[in-house]
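Order as written gives the chain letters A, B, C and D; numbering starts at 1 within each chain.
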Amino acid sequence: MKILVTGFDPFGTDTMNPAIEAVKRLPNTIVGAEIIKLEIPTVFGKSAEVTREALVKHDVDYVLNIGQAGGRFDLTPERVAINLDDARIPDNDGNQPIDVAIKADGESAYFTQHPVKAMVTAMKNVGLPASVSNTAGTFVCNHIMYQCLYMAHTEFPKVKAGFMHVPFLPEQVLERPGMPAMSLEDITRGIVAALEAIVEFDGKDDLTIVGGQTH
Amino acid sequence: MKILVTGFDPFGTDTMNPAIEAVKRLPNTIVGAEIIKLEIPTVFGKSAEVTREALVKHDVDYVLNIGQAGGRFDLTPERVAINLDDARIPDNDGNQPIDVAIKADGESAYFTQHPVKAMVTAMKNVGLPASVSNTAGTFVCNHIMYQCLYMAHTEFPKVKAGFMHVPFLPEQVLERPGMPAMSLEDITRGIVAALEAIVEFDGKDDLTIVGGQTH
Amino acid sequence: MKILVTGFDPFGTDTMNPAIEAVKRLPNTIVGAEIIKLEIPTVFGKSAEVTREALVKHDVDYVLNIGQAGGRFDLTPERVAINLDDARIPDNDGNQPIDVAIKADGESAYFTQHPVKAMVTAMKNVGLPASVSNTAGTFVCNHIMYQCLYMAHTEFPKVKAGFMHVPFLPEQVLERPGMPAMSLEDITRGIVAALEAIVEFDGKDDLTIVGGQTH
Amino acid sequence: MKILVTGFDPFGTDTMNPAIEAVKRLPNTIVGAEIIKLEIPTVFGKSAEVTREALVKHDVDYVLNIGQAGGRFDLTPERVAINLDDARIPDNDGNQPIDVAIKADGESAYFTQHPVKAMVTAMKNVGLPASVSNTAGTFVCNHIMYQCLYMAHTEFPKVKAGFMHVPFLPEQVLERPGMPAMSLEDITRGIVAALEAIVEFDGKDDLTIVGGQTH
């Protein structure tokens, strides 16, 4: 099995992004699955193009995009991506789409193809706070999640797509009092646990397996 | 013009729900529109049946469901409802659906038909904190929003549906330190301002009207 | 009985201060006690001089200073004032003392002379969140509380001094997402309830009266 | 130089306390200073007796007590301890003092004898969020800080006492959504940085050294 894991480059006023920092530190193999790591730009459109090239090049079974969610307390696999770009700030190329559909022929939303509850359980089992999130926002994070799910549904039927948000790093909250953070080691451990859950859950979408909780 | 405004009854450990309390206090007419008020049960399925009866009985142009979002700091019109029930706690009839689609033939999500950004602006203009939310959760609030949008798309083409979450009341946070609250007077004022925005925005979905920001 | 209630003028980037706004709206009499209202400047030293003049002029039994604590969720009578000025930002006259003792001959701290637990109970009884706070910070709020307690201990033995912090108003958090607020009506109601508790508690410092909880 | 560092045992519903866990992991020597580690009980009175025995036994220059502050986002050296026990919950021996002075002949408060601003700077310099706190509460944490400062002022004039609060561990917030945490590695690194600052700052209480900021 092959899993593509992407991480965004830094954006806004930050010079560091926990997403790509953690992705870089992932092992090359997780419970037998090959992990392919990719840095993608925090840019509408371009992030999807870069990811698509990797999907074409590598014959992957899963793609997991990692993004930063400043202000969140825990590791949050996302449940759903919506067909909407609505940017409060410009992306790294200066684009700031307002209330624009991502794909004219796409569904209004796509549910994740990853076992998000099993991923949450796996991360809590290694001592890290985690929960399923019901919104990836309307910035580049939701955009790449939607784009990957759109591609999985239309162009790469073998691929199962999903997204996970991670908190700020401690370094990022030095001048942000009252903002939660998680260490890079813990974020990396969490992503590893989530990927293990993906591998172990692969092919098992029978309701009985996870106590009636799938997605 | 006629607007149906619904509010949930209390649920969980609370004996009071700001949603129905505020709805009860709305005036009967807002900038010429007739306001029809309805209490609905915090119950999957039944809440939609009760609302549907009102839609059949009254020939309304809009339906706005109001619900409580304990922990939120501001008034939050919801952007989108997703086709999923996933209840962390039982509803008032003991139902606790886990990862169940609301409508087998429904879309994966429906975007609100209300001018949520204009509603937010109107509420801020009367001095109340407000923002567009991108998730109504997966409990009865998302359920009724999805059901109303489903009905609007399939059975009541004249109706425009939408949902707004409101914070706890001060009385509700006496034993919940660190939880934000908003007074009943302010919640009611906020709903009035949001309804005024709906009436004034009616028929004007031209992008130029709200500076390129639609709903 | 006479009670002097002071409120600070606006400071920092705010054009409004809930402290003085609420003080202005207090009734002139509360359960028989005369309420004397006074606006004081958010300035080290000068705030104490202005308050001292009022203490000299009016023959008061209590002085209650009200100040804003942006970020707090509830109404918080303060338990203790410490002998230290340490300003993160300049006051309204540009003073920014760093780690300076307020009174060279003062105690390291003074405990409030107000029945803070009875005040908290009274505010909760009228439906408002409240709790005893153990720090008034090190800015002008702690300064005036310390100064008034110092004066009560050294110059005005009849006077009982104390301080209460109040949250932001809703108008103040429009551009501060994630910040709690309380309506001006509720803040005013809360101060009235606290003053009623002060009057009713006057002279009763027997432990049995408040269930073993004094101040 | 010798520094005694104490950490509390677990209390309340928790089976783990980051304070003692981090203290256990400290090196035995920090920039030349010998570190003596001591677990103390979360019990009024007894915690002070155990610490006093260590002060008698070891001829230390500093004592730093470490305690957990659930809900805090960062590492917080405390500025001041007040002469008051007021327990919201019983301690580990079932004691629950309400509004009781710790020492009848003690000062109303003692300021820390540690260079808290230098400690904060040192912790931020290693990438960890930190700030000076102005309240250690009124439970066993404030109690031990007050007791140690009282002993330093009355019985052990050579000793300089101080206290630091640390956040929950990630494991402790698994069932506490919305609560911040810090990894044990980072808490330990933070304490090491703070101890380095104490050693380096020793004997230098000239204002010019730290830009006019003392302790």
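In this section, a residue touches a chain if its C-beta (ideal position, glycine included) is under 8 Å from a C-beta of that chain, and two chains touch if they have at least 3 such contacts.
Molecules present, by chain and UniProt name: A, B, C, D = Pyrrolidone-carboxylate peptidase.
Nothing here was measured: the structure is a model prediction, and the numbers come from that model.
Ranking all chains by how far their C-alpha centres lie from the centre of subunit D, first place goes to B. In this structure subunit C contacts its sequence twin subunit D using mostly the same residue numbers, the overlap exceeding half.
Between subunit B and subunit C the centroid-to-centroid distance comes to 39 Å (mean Cα coordinates, whole Å). Centre-to-centre separation of subunit A and subunit B, using mean CA positions: 30 Å. Each chain gets a centre from the mean of its Cα atoms; for subunit B and subunit D, those two points are 48 Å apart.
Shared interface positions of subunit C, i.e. residues touching 2 or more other chains, are given as 178. Across the interface of their complex, subunit A is touched by residues 73-74, 124, 127-129, 131, 170-171, 173-174, 177-183, 185-186 of subunit D.
Of all residues in subunit D, only 79-80, 82, 84, 98-99, 107-111, 133-135, 137-138, 212-215 touch subunit C in the complex they form.
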